[in-house]
Structure formats: structure tokens, C-alpha cells
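One chain, chain A, links the two complexes that follow: it is found with chain B in the first and with chain C in the second.
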Partner chain A sequence: MKTIITSAGNKLSSQFELRFGRAEWFCLYDEESGKTSFHENMHIDDGHGAGPKAAEKAYELGAAKVISGDFGPKAKDILTQMDIQMVIVDNDNQTVKDIINMIK
Partner chain B sequence: MPYSVSIISGKGGTGKTTVSVSLYRMLTRHRDVHVHLADCDVEEPNDLLFFPEFKTVKGEQVNKLVPVIDKDNCTYCRKCAEYCEFNAIVVIPPAEYASVNNDLCHACGACLEACEFNAITEHPEPIGTVNFIAGRNGVGITEGRLKIGSTMQTMMIRETKKRITEDHDIIILDAPPGTSCPVVETVAGTDFVIIVAEPTPFGLHDMMRIVELLEEIGIPFGVVINKAGMGDRKIYGYIGQKKIKTISEIPYDRNFAAAIARGRPEEGISIEIEEQLEKIAEDVLGRYNLSKG
Partner chain C sequence: MPRRRKLRKIVAPPGFRGYKPYGFRGGRNNGHVDLLYEEYEAIKLVDYDLMNHLEASSLMGISRPTFARIYESARRKIAQALAESREIRTVYGNAYMDKTWYICNDCNARFTIPDSINHYTCAICKSENISSVTSNN
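The block that comes next holds the complex of A and B.
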């Protein structure tokens, strides 16, 4: 199963990002292979609709789960319809690596 | 064409509505000019509060046309989603998912242009109401009222302005605060703009922005200083340096403010305030007469 973790940077040591649609990077973690890849958020500066675009990206990347600080109503709507599980971690004082260790 | 005057401010709470409503009341006393008020502050129209005796005659619903995607024709090519400037369309090809978010849609029609497969049709969705309000002696107010939650302020203002009838001599447009699209839409095509400014640091800052905007659009303007006596003198320096015409200076008066809060400004008008309000009416009448040639 693949999981997306919102991240402030493109390294495992980067800080976990609480915002979903406005996260700078998405870390894709594959539980089976243990591999990670980082994908830049191209819609971070869009005036509106960054959330739905991030949800779209999550589906494209084949994620079954997304971990972030919160999800806006528009993103939530699409993630629900795409059957992608949303997990809220309300603590940004962690690295992406810390989050991965939590779900391992 | 009626002569039109927009009342704007940049900063909120400087007295646009006070000036609009007072100017309207003063001009209605002139039997030879027919004056009309348009409340273009569509997110919170409040001019009507000052005229409890007026009656709403008619309300006309304003719609925007939002796209609906027909999944039978859609090939999930994503061209519409790429055309959409507002991220209102989400298309996920492998999931055969295509949907439009009406709240984000600005009804620009770009997706219709984009679609090569006739999969997009437009359907009306209400964004608000234009109310036609009548007082005595044939005077009236046209009020734009945006539906709560809608983001279509600018379109609502445009549609409100379109519905103002031409059978008036002078139209006063009460603008929304700010310096962005809704304000530009309100002042567009009007003959003169009155900036209502207060002599505070915020008042000056926002006035400078609105002056820049008006200089760029190229509409003549003058300033009414409201709540004179509060704050500091910096705004006078700016007005002098820019050689902006000061139409009147309404002194800060707690009684007047309290009367406005009660919805009955006429109960709190001192002789001094009356004189300053009259100056605005005279200025507008003068400009109207000049425009007639």
C-alpha cells in the first residue's frame, strides 16, 4: 500500500507539513518496498483549489492513504470519492521519517 | 445617459454609506433633478436600512452559468481542467472522475471552449438578487445582494449596474470597500468618484492605493474627509501634494455616529455637518449641470 505524507521539503529529514493542499512536497511511501519518492506540489501558489488538485495528485500517485495535519472540505470530498483514507496527525514537530516510523 | 457618481473609500468604515445616503437625501430635495441610489456593496448592502419607509417592489434573481460535465461524452482528456484558471474542475482519468466545483467556478466559459467532445453544458446557478426599491415621489434604490457564500461579487455588481434604469438624472453608486475587482467594477463607466477618507494612518494608506487605482483608470475624483479632527494631519499633506480637490470635511461628531448607528442619521446632524453635506450635494449638482453642457 502507498501512503502520501505532506512535507515541507524533499528529504526524509524534512519537517512534516500540517497543510494538505498547500504543502510544498508530497512524500510517497511504499510500504511493500519501503521506498520513498518526493513529488513537488505544482499548485501551492494557486489562488483557489489547491486542495482538490492535491487530492487529484494523490490518486495519480496511487496512494491509498494520505497523512496530513488537516483536509479542507473540497479536498475531503474528492479523497472520499476516490476512496483514499485520510489520517490526521496534529503535530508538526516531527520529520517525514518520524511519520513513516509511526506507520511502519 | 444619467450622470453617475461612485462613492468609494479603500478602507472600510470611513463613511461611504453615510455620504451616499446623505447625498441621496439632499439631492432628492431638488425637485428638478431625479436622483437614484445604487447599493453596489453586494456582500453587505445596507443603504436600505436608512429608508425604512421604502418598499421593495421587485426582486430579480441573478444567475451564473456553471458547467456540467456529461460523463457519456467525456473522454477524460483533462483539457477543461487545464483551461480552468480557478481549479474548479477536477478530472482523474484512471478513476473516470470528472466534476466541477460550483463555488470555485467563475462562469468564464473557458471549459466550453476547451471541450472538443460536447461533454460540457451550462446550467444556471443563482448568485444573488437585484432588488428594486421604491420610495415616495418616484425615487428609488437598486440594491445588489449576493447570496451568502458566493464568490461572485464582481459579476453581481456588473449585473446590478446593468439593471439600473436610465430614467434618472443622477445615479449615486455606493461601492464596496477595498481596492480590488469589485471596486473597479463599481467605478467603471461612472463620471466622477468621491473618495471618502478618514485622517488616520490606515485611512491615508488605503486612500493612496485608491488614488493610484483611479489615476490608472482615468476617472476624475475628489475627496470628502470624514471624521475630521481625529487621527493626524498627514492626509492633508498628501492631498495638498497630489493637488486633489477636497469637496468637504465632515467633522467627527459622536452624536452623528450614534444617530447613524440607530439608522436615523438626520437625528444627529449638527448645523456644521449639514453644511458639509450640502457642499457635497452642491459639488455633484455643479458637475451634473456641467455635464449637460
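The block that comes next holds the complex of A and C.
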């Protein structure tokens, strides 16, 4: 199963990002292989619709789970439709690696 | 015919049925004010969770101006209850519960469980000690 974790940077030591649509990077973590890859968010500066586009990106990458700090109403609708699990972690004082260690 | 009221989404109903003044002078019962669930939620989001109106309104699935009116009404009702020593009773109002979210009692993560997942465990720590965010009342 693949999981997306919102990240402020493109390294495992980067800060976990609380925003979903406006996160700078998405970390894709594959539970089976234990591999991670980072995908840049192209829609971070869009005036609107960043959340839904991020949700579509999550679907394209084949994620079954998204971990972030919050989801907007539009992103929630789309992720619900696509049967993608949403997880909210409030604590922003963590790195992407910390989050991966938690779900391992 | 007036426009139909959009239902306001609330995460959890208040954990009480109402508040009563005690020891007030003046003898008789002064009556009560009805605080709607969405008004309670508005006060909680803004003054307890310290959100701004825009964030709170998107959480409740309504527009910011509508949220501001609900919040205003909530404050006035509470002020009225205090100033006139009235009872506060909570009333359902125009709300619906956000049932889709769960909270883990061990690590405090909140998550949804989509139809494709059939095990009810925490998405982060795999604990089975989870509850629906609405059922902790």
C-alpha cells in the first residue's frame, strides 16, 4: 500500500507539512518495498483549486492513504470519492521520517 | 418561501444538555435561552480551538458570512443568559454530525476509514483503541 505524506522539502529529514494542497512536496512511501520518492507540488501557487489538484495527484500516484495536517472541503470530497484514506496529524514538529517510522 | 437553510456540519455535539445559574437573587426562574448545536460549535471553534472565521466556516461547510452570523448569535445568547440569569439549553438546530472521522485514543491522530478498508484500526499506530469523533459524548 502506498502512502502520501505532505512535506516541506524533498528529503526524509524535511519537516512534515500541515497543509495539504499547499504543501511544497509530496513524499510517496511504498509499504511493501519500503521505498520513498518525492514529488513536487506544481499547483502550490495557484489562486484556487490547489487542494483538489493535490487530491488528483494522490490518485495518480496510486496512494491509498494521505497523511497531512488538514484537508479543505473540496479535497475531502475528492479523496472520499476515490476511497483514499485521510489521516490528520496535528503535530508539525516532526520530520517525514518520523511519520514513516510511526506507520511502519 | 424563504431559502432553505443549509445544514451546518459539526464535529461533535456539546457534552452537556445545558447550564443553570445557581444562587441568583430575585426568586423566580427567568426562563431559558436555546443555544443551537451549530452555535455551540461556532463558539468552540473560534474561542476554544482559536480558529479564524474562515477556517471555522470551511470546517462547518458554510460560508464565512453565515458563520459570522451564527457566531454572533451564539455570543448574544450566552451574554443574554448571563445578564438575565437564564438557563442555557442546547438544542439540535440545523446541524448534522460529521460521522466519517475517527480519532485514535492512543496517538491522537484523526483519520477516515474509506469503504475499501475493512479493519477498524488507527491509520498511524494500528491501535484498536479508536472512537468515532462523534460518539465520545
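Please note the rule applied: the second predicted complex is superposed on the first by the 104 of 104 C-alpha atoms of A that agree within 3 Å, B and C clash if a C-alpha of one lies under 4 Å from a C-alpha of the other, contacts with A are read in each partner's own complex, and residues count from 1 in each chain.
One rule holds in what follows: a residue touches a chain if its C-beta (ideal position, glycine included) is under 8 Å from a C-beta of that chain, and two chains touch if they have at least 3 such contacts.
These figures come from a predicted structure and were not determined experimentally.
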item: Superposition on chain A - do chain B and chain C clash or fit; value: fit
item: First, second, both or neither for A:Glu60, with chain B first and chain C second; value: first
item: Superposed arrangement, angle subtended at the Cα centre of chain A by chain B and chain C, nearest 10 degrees; value: 60
item: Contacts of A:Ile103 with chain B and chain C, given as first, second, both or neither; value: second
item: Contacts of A:His43 with chain B and chain C, given as first, second, both or neither; value: first
item: Chain B versus chain C as contact partner of A:Ile78, first or second or both or neither; value: first
item: Partner chain in contact with A:Val89 - chain B first, chain C second, else both or neither; value: second
item: Distance of closest approach, chain C and chain B, by C-alpha atoms in Å; value: 5
item: Chain A residues contacted in one complex by chain B, in the other by chain C; value: none
item: Chain B-touching residues of chain A, taken from the complex the two chains share; value: 43, 46-50, 52-53, 55-56, 59-60, 74, 78, 81-82
item: Residues of chain A touching chain C in the complex; value: 64-65, 67, 72-73, 79-80, 83-90, 102-103
item: Touch list for chain C against partner chain A, complex; value: 58, 61, 100, 107-117, 123-125
item: Of chain B, residues touching chain A in the complex; value: 86-88, 90-92, 94-95, 97, 99, 101, 103-104
